[in-house]
């Protein structure tokens, strides 16, 4: 069961965060929140998203799961006006999700959750290095690197006390190093891993809106980006597998 | 004969209304106005547009007709600055229309009006249901429906005293119902007909600018949209044939 | 040797002026300026651009030349923020140009200047007619003409004391005539030549930002456009060969 009302912009922000990685997902409802954990089809990236009941104007739910066509939902939400209140309600034995806003009533047929991939297990990775930076700075760095390469190294240099990103083109090279006074926080453990720009660009567009993004790094290990959504009433955790440096 | 000066924005708005349906048209000049009645190539939609002499800064015309390449004229008008005064003048035995604005002088070769389709007769259809709504509301509803379907039903439900639009996708469904307090006026006679989104989208973009649009409906009958242009000194009447519901 | 710091926007404006004509160029450094003279691959258009040391916040250079991949540099500059200070520095025996801004450090591999075309000689052409007009007026005229034709005539009529541009489509015709009170200056010597819209459009986008553009014309001769950049601390000189009128 789910019946809830939320600011359309906040719900759109949440669905955009999911849509950056997957086209469909298994959404769990609980008494106090909705959440999903999904991996992309190539098994390279994972999103864990939680949206607490406090993010909603009204919220009433029991334990359950629903299969969301994320792309279609995103297209519908693009039509909702900015200040609109959006009401979500399961209908027809949970086979349809009804979205109401203004005088509109959309009925979205749900996917059979049993046909969707099972929830992935969160991998146990140790990522000792860390930095906290504004989402916009991170997104700009990703865009800057994308001009010259399709991969980007993220790392922490404990000697210079910097978080850096670095990209190597066929002939060109770019490096952005942020020292402590440009960072919100730094956990200076030596780290460096290489990542695909394609994934980072999609994540970057979402993260650009976050006031701060926690970055967790290791050596040739995944990167984890953690940031709040919905004015602190929700949280996104992106995990992205590294690429091999000798690529 | 035609020699007239008009605010460029008003003339552009008028030509855009025509260009939404046809690429060429037969424009009639009279002592007190210019007008056209044209159907699209598929015979599905008709526009009747009148622009009174009062819409012009100066106007002098005699009875006549000219063949307009609407697409080319639209492209030229896109170049005219917003506040510019535009002077229209027939030249060369009415074979060319000269457009002057700023220091510019465009000369547009007219089409031979005898090669254009004859003016269609306005069909005698009885459309007893009616509603009046802001053009922007109508355009937004059309855009919302276009996300999930290529056809849209427009109707009036006298019991709930609502004007509604409804679209059915392969799996999804959307309904917008506007009650009396959201409408400018309602003529509550039961009506419902199905229309092609493609035509409605083109018309919707034009109607979005109108403060109010009269909608006239029947049961499996055409829809007629009537709205003012040129600050009340002109009028557009769109007529769109219905599609078969069992499509 | 080159080490210099400049407002990013000013450098971007200069590189855009070059990129309108060529994808790579030979850039000369001198004690008091940098400059280039380059022709496009079709030998139809030439740019001479000078940027004085006074355009820079700091400037230190010796005589030299470097091979620039203009397109790549333009892409990188698109990433630089508006108010950023950009530092240029030659590295690795002048094989790389380093660009620093914010925390970023780009390293751009230079082209081997010996593989680039030699500097063209400035042709000795006598262009007695002239007009000075705002860059935006010139760009708008070029855009207006492009709607109906792929070539445009520029001319000066000493009788009506006007600078004009004129374009002929298959059936349509446009003329813009600017008289003395709409021009910043006029040198009323009869002139008229025909030019390719494609080249003019690219130049027009750049010239649109110039407060005034000097236009030098002859009869079936090239046109020369001269305008300032970098708040008067730089200068661009475009030369464009005419097309044959009977085309």
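We just call them A, B and C in the order they show up, numbering each chain from 1.
In this section, a residue touches a chain if its C-beta (ideal position, glycine included) is under 8 Å from a C-beta of that chain, and two chains touch if they have at least 3 such contacts.
Protein identities per chain, from UniProt: A, B, C = DNA polymerase sliding clamp.
Everything numeric in this text was worked out from a predicted model, so none of it was measured.
*Asks:* Going by the touch criterion stated earlier, list every chain that contacts chain A (DNA polymerase sliding clamp) and also contacts chain B (DNA polymerase sliding clamp).
*Replies:* Where chain A (DNA polymerase sliding clamp) and chain B (DNA polymerase sliding clamp) share a partner, that partner set is C.
*Asks:* Could you work out the angle of the rotation that brings the CA atoms of chain A (DNA polymerase sliding clamp) onto the matching CA atoms of chain C (DNA polymerase sliding clamp), rounded to the nearest 5 degrees?
*Replies:* About 120 degrees, rounded to the nearest 5.
*Asks:* What's the call on chain B (DNA polymerase sliding clamp) versus chain C (DNA polymerase sliding clamp), same or different interface residues, using the half cut on shared numbers?
*Replies:* Chain B (DNA polymerase sliding clamp) vs chain C (DNA polymerase sliding clamp): different; shared/all numbers falls short of half.
*Asks:* Please report how many Å separate the Cα centroid of chain B (DNA polymerase sliding clamp) from that of chain C (DNA polymerase sliding clamp), as a whole number.
*Replies:* The computed centroid separation for chain B (DNA polymerase sliding clamp) versus chain C (DNA polymerase sliding clamp) comes out at 44 Å.
*Asks:* Counting only residues that touch at least two other chains, what does the list for chain B (DNA polymerase sliding clamp) look like?
*Replies:* Residues of chain B (DNA polymerase sliding clamp) never touch two or more of the other chains.
*Asks:* Quick one: which bits of chain C (DNA polymerase sliding clamp) touch chain B (DNA polymerase sliding clamp) in the complex? Just the residue numbers, please.
*Replies:* Per the touch definition, chain C (DNA polymerase sliding clamp) meets chain B (DNA polymerase sliding clamp) at residues 140, 143-144, 147-148, 171-179, 182.
*Asks:* Report the residues of chain C (DNA polymerase sliding clamp) in contact with chain A (DNA polymerase sliding clamp) in the complex, numbered from low to high.
*Replies:* 72, 75-76, 78-79, 102-109
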